[in-house]
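Structures given as structure tokens follow.
Both complexes shown next keep chain A, but they swap its partner, so chain B is in the first and chain C is in the second.
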Partner chain A sequence: MRFPLVRSAALTLAIVLVMTVAGLTAPQTTTLEFWTISLQPFFTDYVNGLIADYQRANPGVQIKWVDVQFQAIEQKLLAAIAGGVPPDVVNLNVEFTVRIAEKGALLDLDGAVPAADRARYFEGLWGGTRFRGRAYGIPWYIAPPVLFFNSDLFKKAGLNTLNPPDTEEEMVAAARQIKDRTKAYGFMPLIDGTRLMHRFLENGLPMLSADGKRAVFNTPAHVAYLQKYVDLFKGDYFPDDTLRRGFNGAVERYSAGQLGMLLVGPQFLLRIKESNPEVYAQTFVGPYPAGKGKVIHAGLMALAVPKASKHQQEAVKFALFVSNDENQLEFSKLPGTVLFPSTKKAAADPFFKQKGAGPEFKARAIAADELKSGRDLTVVVPNQSELYKIFREAVESAFFGKMSPKEALDWAVREWNARL
Partner chain B sequence: MLGSRLLIVLLLAVPAATWSPVLGAAGRAVPDAYVPTAASGDLLPAPREAALGRGAFRLDARTTRIVLADGATDEDLYAARELTEELRALGGPALRVAREREVSGPSGHILIGQSADHALLARALQSAGAGGVSRPEGYLLQVTPRQIIVAGADRRGTFYGVQTLRQLLRRGKGGTVPEATIRDWPDHPVRAVHVLLDGASDPFHIELIDRVLAPYKFNTIIAEAEYVQWESGRPLWAPDQRGATKAQVRRLIEAAREHHIQVIPLIATLGHSEWVFAGLRDEALCRQVAYGPGGGVTCDRARAVFPAVYDPDRQITVDGKTTTLNEALIVPVLKEAVELFRPAFLHLGHDEVRGPSGLRYDMRLYLRDIINLSGVLRAMGVRPMVWGDVLWERREEAASDPQFGELPRDLTVVPWKYEDVRDYPEAAHFRRLGFDVLGATWYRLHNNYFFSRAVRAAAGLGMIRTTWTGHFQNRAALTRAYRQLYTYLSASAFFWNADRPAPEQFPSETELARRFAEAWTRGASPPAQPSAGTLLNLASVVTQTHIDNDGKGWQGKGADYDLRALAPGRHRAGGILFEVLDPAHTRGKSIIMLRGERDVAAAMPPHVTVRWGGRAACLAIVHTTLDRAVNFGEVVGGYTITLAGGRTVPIELRYGQNISSWLWDAERGIPSIEQEIAWSGRTAAGNDVLLQMVRWKNPQPQTPITSIELVSAGGRASPVVFAITALDRCP
Partner chain C sequence: MPLRRRSTLVAYLFLLPALGLLAVFTFYPVIFGTVLSLFEYDIINPPRYVGWLQFQRLLADRYFWIAITNSAKYVLVVPVIQLGSILLAVLVNRQLRGIGAFRAAYYVPVITSWPVVGIMWTWMYDQQGVVNWVLRSLDVIARPVSWLSHPTITLYAVMFVTMWKGLGWYMVIYLAGLQAIPAEYEEAAMIDGASRGRVFWSVTIPLLRPYILLASLISTMAAVKVFEEIYVMTRGGPFFSTYTMFMYIFDEAFQELNMGYAAALAVVLAAVILVFSVINFRVFRRGGLEWY
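== the complex of A and B ==
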């Protein structure tokens, strides 16, 4: 958001007046450190503009922006907090937010943000970062996943590019067909690490009992679901680095023209375009092939304030500015970007219903439609890092043949139940 | 008899707060509160062929000699010294080292060397009818009641035979050696550990070589060396001062050489090149060389946030001269590394090479960089090595690039995979393409077992066990990332012998942690003597039961998730006796559970005082926590020991160090060498569980202890005490 000239001029005048009255004493400058996740280089100009606007409106405040890669953010943040030099505002996903909140390192934002401000966000999203009843993140943006597919590989496999798979079952069938007929992999399913939890939930398979005190993800239905993917893996229907590299590996493989379908947030389109314009040109978009649960995991990005910030009040103010209606709307409107705002007013903007040419427009329309069934499905449990690690080990054990899917899930449920 | 009963009743009537030195303790005196235990467990690595007999060779300081060849070198003498040091650590006899000409025959002696240059040893072999082992690094170890022969196929073989003999010595506590005939040789020519060099490498890595790596038969160190204080490239770059100095590296190389270990430097180039960006004097230059669409990336030295990948060919200006990063920094550092290490190989890194925000790195640029840097190394007579992840994950793309054929065929590719996977097709893939292969593993058991077998099947060069404790963390690794160190032992086993033991028969991690700690502390203190002591009777202060028959004990989850596997009665840990109460005999309670956040602990007392009145040189307290603490090192409670006269001595309970959860830590394993495991078992549901033990040394052993106060910090990881043993003498 660019600050309107008139307002800017008025603000400058106000500052001059204040300084005159105060006898020209130099104002104290507060420097806030703002960490984002992987927004460079694609959103560098936008974030710099945001910062410039804020600084203009708040002359005593300087913002120092640090962009950290997704893989490094949690470790860097914990090190910074332990070292007594935390950022003041930090962009985290729900999983990281809950994990760090559990360590007692984040500010309770239910307490720090006035009710009127909280009401601007969708209630479900505001509560998305709740741990033990308190919220630790201000919702920023969401990116519901869509299906990108390589039309060239689709055609070679004899699939109809105008009729992409609509359900998870159809996607699996299409992936088999692509592999069988083209030798290229059809997909890299999002089952790495803890993402299988999201898939369970998308298929109506719960992780916990209703009271949250017992793990229940070893029913025959859960086992059958995992078994299906283990069989696909054994049949070489997705590559062996799927579990290790997740969506980054999938984006890389897709960008090389060696993957039929890609399930990611629509913002990844920019990376595909930059990495390989040819593959971008062959890319078609379809809705995320839904599971049986009528719900889609739409990852929420939030803004958190470390408790150790020396400027908590200013930090909250800045985080609210970054995520306000105007700024979120501007973020969503950036060319080539497909993101959705977390505030009610911004989300209601007619922009999200506009039609146009190019995969971005299609992706936006599809993702906007998906929002009604989108939820951040991160499983919030105490002792999260260890429970997640156990779940990951179980999934890997099933895929890599150390245990059968039933043994693996039984083992993980036992370990969770001893700890819950 | 009646009189003594009356006396007991009267004594019990004395108020608990009153200390009486005559009274002794509310406990049971035992003569064997501590007894030293002989090392147990199988030989690691498992020998190829081993036949154990019933007899033993008796070591005698007056007559037994360690006999070397007349022409023995410093290296042979070094192997003999290892043996004498082992005996000293075990409290065994001090043996003299002699040349073959100094003894009349083999009888009563330990003969060490290669038969080709040790005539006495050759004769002894012949008369014993024992064929030697000719495979590289192999050895024959024969122990009979008459003599001991360590016959190596080469010097390394002799050295490894001596290491096996050291393990056998421990079984006889240094006084005897059990009869055995062992024929042994390794599966892999290269058995490496990867380490990150820093300012603590000397002494840490030198001690690691001496106490663990060489005894467990590793023969190579891959030393990640980008943070060494290089002098090259200074106009544009400066090294991190926390890095190892070149003098430290020289000492490390010398220590390694003495132990038959080659050191291969690894300089992370292209991928994981934060060291390059962090050292660049000009942050604008940092943005300039970063790979990706021009500029706009964070280069923050204070925050250590940098890009991870550079463009080696991008033109930059340094001191007014146009150059590239490779020319100005990377190649000079490689040359300096070759000069320092004088290695046969140099590892160029090149892993996880991808642009910012997951952008695909240009394959042509990637391959060209390997070709260019390999050329630089070849000119210095050094073979190149690269990580294999990019060449594997993007194999179709790489193979279709015309430059792929130009990759030097003396390149060693190091695919890494750290999961417990069964299949490692990378090994055969790279061998088919004509490259040498080293498989790289991490700490997991099956990972090391199956990968080692896959590389052997593909006739690869060997294996590397990687270590990822973070840069500049070596000093802290033992106390914070111990699992990464004690699992060196499983890697050593499978790198030497890819067949045995099968993972199912392999010692547990608890046992590996104990063995590593034993190796690490060997010789640090004189061998312990037996000690009498007292098993404190906690019956009057117990608050809960560890056997949950009704859903109200232990964690409140019933019989499936309790500690019934810990049988009431006496147990021994590290030689120390402790006694677990039987709830059936103590009003349904057996443990001191303190207050904590979990439901079952919420109603427990925040502190409990154990009153006593006896002398002890040491206390051993068996305990655990009811749940996991969020932060490593968090203080979860404490014990305060009060001595007669009022002096108090605190013990702080730090989570992960001297106390941990009763459930096996899936993330950290046993996280600290400081942690002593008292007992391990399994719940009825199948969870691996364990108790820890903390030892406390009394600063005034002659002064009686009046009380031990147990306090909880009240968090989720609230302490639970199972037993306290007082020892007359500290082990």
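== the complex of A and C ==
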């Protein structure tokens, strides 16, 4: 009886030891949650492929992908951070990144990303998410806007479809002509909410003093610029829901064939093609009609890492993988896509200069050319939401006749300076 | 255990599940929110006690005054919606063939979700929407109106949608009230020579007053707390003309992360609702047979 007992004990001990050693040597699985903005359904296969590649190369890491609608991303992220279950890598635009970074909720990526990796990105883009001297987002992709125009409406208005407006002034003149001759609206200028700030900056009209400590957007030039659009509004040269519906309204109206010109990122071609193939067929593409500043606001998408992530190092590594040269290039090359990489090597690929039939090719070539003047012009200020709200109120006051453009901008500048 | 004490205990035991739910989902949030109004809290950093500072701040806050004025204006929808639903209830309180279908039809908006209603009315209010088409066809307007883009009319346009969606709900309450009124009272008045209008104002309405109190109370609270339709249709614009208290609370809490300030605004809103509720009780307290 004793022998079997000793043998059983030894066997048990051996099993325990083997299992312990196995447990120690078995790879620990780390699960990273990755949030993107509105990439489903168009890019589902691409992102899944990206994840599969990463998991294959990093056996201990599992990626859980969650795609969130643009309108919901900020609140969902804040709720997740507050609930202690943040994603590890999250796709944000510059405005959201700065707003959340201001609360101290994002990882400082100037510190977390080695200098050699940072150098792979365009310097201007890497600094796009900088708040108080630190960057909080790894640049992912960028889409400089182009001009789409409805060739049918252009012809009816007597405009030359081979010679689209080249400057903002020419675009305004074309919009007037379209409205006067066809009764359809020529454009919905992007002046709703805070977008007028981008227009100011595109025209070389600064929002802040050089040291960033004073608001300066009430000079006679700023006032004249706003007055021009107030006059167009009063003359019914753009729809009166422009201020409320912004570029979503513009895309909808254009897709319905009721708008002459549309200024959006080239990726919106997909949406137009899907919602109205007839309008897509009439769509011609031209360069973005530049303002006097020779700079174009190009929305940047970045990848941020919440400070509350339990796997910060792994998260940064994954974000760098997602935005590396090969993966960004593959993303840009997907059929029907017109996005641009944020890394220098990927952006230099001959693919972006290729010529072909269809507006996508033209849009890609035009946007590639615009990259040199494209910058994310989001105005980075403390108390961003409050200051933006004041600006919006001032602009709407001017459009709805509650104040003159001068009074409105003077008031907003005073309010900003009291808070900066 | 004496029978009386035992039955009291049983009664409390029956109440316990409901009280438990109320404690978790109502009493606790109310107390927590009230305490939170004395703190500065942005979700990410720990709360900091600031006392009455948030309440002092809101007195000087122009957006607070815009929001509370708009919320107070929204209460204008209450008498209209109540009168409309009483008339609707009177209309459907008949023994006609297929009347059930009419009642159900009026109730459909009530069970339709706000996002669907909001999107549908946004289209209908569009410059090329059906509202403009009808009004232009009838020569009421010369050119299309952007119902949701003009600061002077947008609030009323959204209020109309609130009314449209709520009519069926209050109609059901009044229908129950009308059916609880014994037919003899109205018949007696008519035998005494009262006209239909006289019977309605002097018999039906006084006897309906307890129901009017209930419906007005619910309606007033809903009007002061209006949010979904504004959020879906206008987001508070244009030019803050539909920026109501709940929109402001939502913005402060979830856009600007000023949870403490949002809680202070919510406390003030609760006080406003209390005032309106007291007014409702004062106006409609006497009703039913007590009226006479």
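Definition applied: the second predicted complex is superposed on the first by the 394 of 420 C-alpha atoms of A that agree within 3 Å, B and C clash if a C-alpha of one lies under 4 Å from a C-alpha of the other, contacts with A are read in each partner's own complex, and residues count from 1 in each chain.
Keep this in mind: a contact is a pair of C-beta atoms (placed from the backbone, for glycine too) under 8 Å apart; a residue touches a chain by one contact, two chains touch by 3 or more.
Here the structure is a predicted model, which means the values were calculated and not measured.
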Judging by the criteria at the top, classify the pair chain B and chain C on chain A as clash or fit.
clash
Of the two partner chains, chain B (first) and chain C (second), which one does A:Ile81 touch, if any: first, second, both, or neither?
second
Look at A:Asn248 in the shared chain and tell me whether it touches chain B only, chain C only, both, or neither; answer first, second, both or neither.
first
Greater chain A contact set [chain C / chain B]:
B
Who does A:Arg414 touch here: chain B (first), chain C (second), both, or neither?
first
Contact-wise, after the overlay, does A:Trp65 reach chain B, chain C, both or neither (first, second, both, neither)?
first
Let me test your reading of the model: by the given contact rule, A:Gly356 touches which partner, first (chain B), second (chain C), both or neither?
neither
Based on the superposed arrangement, let me know which partner A:Gly104 touches: chain B (first), chain C (second), both, or neither?
both
Touching partner for A:Glu386 - first (chain B), second (chain C), both, neither
both
Of the stretches 97-105, 187-195 or 313-321 belonging to chain B, the one that collides with chain C
187-195
Residue overlap on chain A between the chain B interface and the chain C interface 103-104, 239-241, 243-244, 258, 385-386, 389, 393, 396-397, 400, 402
In the complex, chain C touches chain A at residues 42-45, 63, 126-128, 146, 148-151, 234, 237-240, 251, 254-257
Contacting residues of chain A [partner chain C, same complex]
74-75, 78, 81-82, 103-105, 239-241, 243-244, 258, 385-386, 389, 393, 396-397, 399-400, 402
Using the touch definition up top, name the residues of chain A that touch chain B in the complex.
38-42, 44-45, 65-69, 72, 76, 80, 102-104, 239-241, 243-245, 248-249, 251-253, 255-256, 258, 268, 271, 274-276, 382-383, 385-386, 389-390, 393, 396-397, 400-402, 411, 414-415, 417-419
Would you tell me which residues of chain B are touching chain A in their complex?
292-298, 300, 303-305, 308, 354-360, 393-394, 396-397, 417, 419-422, 425, 446, 555, 557, 561, 627-628, 630-631, 663, 665-667, 683, 685-687, 716
